[in-house]
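In the two complexes that follow, subunit A is the common piece, with subunit B as its partner first and subunit C second.
The block that comes next holds the complex of A and B.
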């Protein structure tokens, strides 16, 4: 009999790094967004819309939202793994989480490019 | 078989009401609660973003929704959740880099997280909501 120790495929490390990389991206965007708000001081629909009409802000906002959805997937998956003991229910919740997050990514694209 | 070895009798204290959670522990569970709440409210937040950008009419609807006193409280709570998750997250990133891992600095930094996130929430709430 071969005595093997199973160590997994290191997907845990990959997610650990992605969780932090997306966190840094979102933190940078948060500071950038607050600075833009402080400079533009949007007080009307046109002023508010002009922030996101700008090409760079559109790109940065989209990147922020994608980071958020991936970051949310890792965090919410951890919550299901910690608290949901039933394997079937846990799988169901994970699938539902991925489904809504992929849907949100489509929705976010539509919001930013059809405004 | 590995299970048998783990299931030996070990001292346990799970009498939750008698456990006093220290501030870094409160910060930690709030990091989870805030993240999960923000996830649950994502459709509402995306709806607000969409309405605010679509047309002057939908912008007015979003403005009207956020003008309701009850919704202002909810929005302030969401800003606090975001700011707590943001500040506590930066603290965790620093801990990952082995900055401030001794007990003294970890306790101090958790106090800083609460102070900064609450201050930012009040400033943003005052500027954006009232």
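The block that comes next holds the complex of A and C.
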């Protein structure tokens, strides 16, 4: 294959907005979580569990985790794009990152709804 | 006459003679009555050793030729006050670009990126008799953009440009891209935004603002980049 500089994939804006939106969601959740902790003051496993047993907390935590994983995907992908010069290796690392993050998302959901 | 000796450490490399670059220690007598800027000292050093190579032209911050890394920060030698410099003054070529000799770098990659944003007015409308007019308010938007002298201080202080100089347009190129996107006389706004919507060309900027920190003209490429992104968002939603 000829060695040419290839740019012009024409994406990036959506990821850029999502990265900002997920950052805001995570910041809001962090404040919410700290407020809940201050009110409940959990000191036992049952108390911790009761926090996440609430439907709204399940929803908010699920949203936080999805935000975290999507945010992490964009950040880690950017690192691979900056530092991994071999296209094949970069693709492999991107697939591995997606696989790990999707796996985490499923696992986190399962834990959350087991509460 | 206020004179003093100043210590310098200067990056030297002549590919015809040297196997590798090295730092040369030089001391120079400075006359503070006449020597004001770093370029004055470089002129003295050049008189002492004419093998020392650097670019210069206008000596007043307009041409952008004498950009170099001064005590770890990019700047123009002609605008840098010598009395503010910590000694020994360490001079290196602009980082991230290939060195041709001493403080002279190969700017090809930098100008390739600049040319890639089509730095000229695109307007296919009928030519007016005299000139294309703008309202004072529209003209106001170009302030802080048109003053760029393409010295490359900003782009060569940007890690994203170091890692991807062939793909990332860099702060100077993006500031100039916004200069034409913001120009109400230009008709290619959509094409310009399309060209920049790219994970490498625009979105390698992670807003660390090294560019703003070093710009010798006090311009703000980060703000210009932010405005390009804002226009893309406005176009998309």
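Here is the rule we use: the second predicted complex is superposed on the first by the 105 of 115 C-alpha atoms of A that agree within 3 Å, B and C clash if a C-alpha of one lies under 4 Å from a C-alpha of the other, contacts with A are read in each partner's own complex, and residues count from 1 in each chain.
Basically, a contact is a pair of C-beta atoms (placed from the backbone, for glycine too) under 8 Å apart; a residue touches a chain by one contact, two chains touch by 3 or more.
On a predicted model such as this, the values are computed, not experimentally measured, just so you know.
Asker: Check whether A:23 is in contact with subunit B, with subunit C, with both or with neither, and answer first, second, both or neither.
Answerer: Touch status of A:23: first partner only.
Asker: See if subunit A has more residues touched by subunit B or by subunit C, and give me that chain.
Answerer: Residues of subunit A touched, subunit B against subunit C: more for B.
Asker: Under the stated touch criterion, which partner chain does A:2 make contact with: subunit B (first), subunit C (second), both, or neither?
Answerer: In the superposition, A:2 contacts neither subunit B nor subunit C.
Asker: Once the shared chain is lined up, is A:45 touching subunit B (first), subunit C (second), both, or neither of them?
Answerer: After superposition on chain A, A:45 lies in contact with subunit B alone.
Asker: With both complexes superposed on chain A, which partner does A:81 reach: first (subunit B), second (subunit C), both or neither?
Answerer: Touch partner of A:81: subunit C, not subunit B.
Asker: Would you sort A:115 into first (subunit B), second (subunit C), both or neither based on which partner it touches?
Answerer: first
Asker: First (subunit B), second (subunit C), both or neither: which does A:107 touch?
Answerer: It touches subunit B, and subunit C stays clear.
Asker: Would you tell me the residues on subunit A in contact with subunit B in one complex that are also in contact with subunit C in the other?
Answerer: none
Asker: Show me the residue ranges of subunit A that touch subunit B in the complex, using the header's touch definition.
Answerer: Its residues touching subunit B are 20, 23-24, 27, 30, 45, 48-49, 52, 72, 75-76, 79, 100, 104, 107-108, 111-112, 115.
Asker: Where on subunit C is subunit A touching in the complex?
Answerer: Residues of subunit C touching subunit A: 160, 163-164, 166-167, 194-195, 197-204, 206, 229, 232-233, 236.
Asker: Subunit A touches which residues of subunit B in the complex?
Answerer: Listed in rising order, the residues are 32, 35-36, 38-39, 42-43, 46, 49-50, 52-56, 59-60, 86, 89-90, 93, 96.
Asker: Given the complex with subunit C, which residues does subunit A contribute to the contact?
Answerer: 5, 7-17, 78, 81-83
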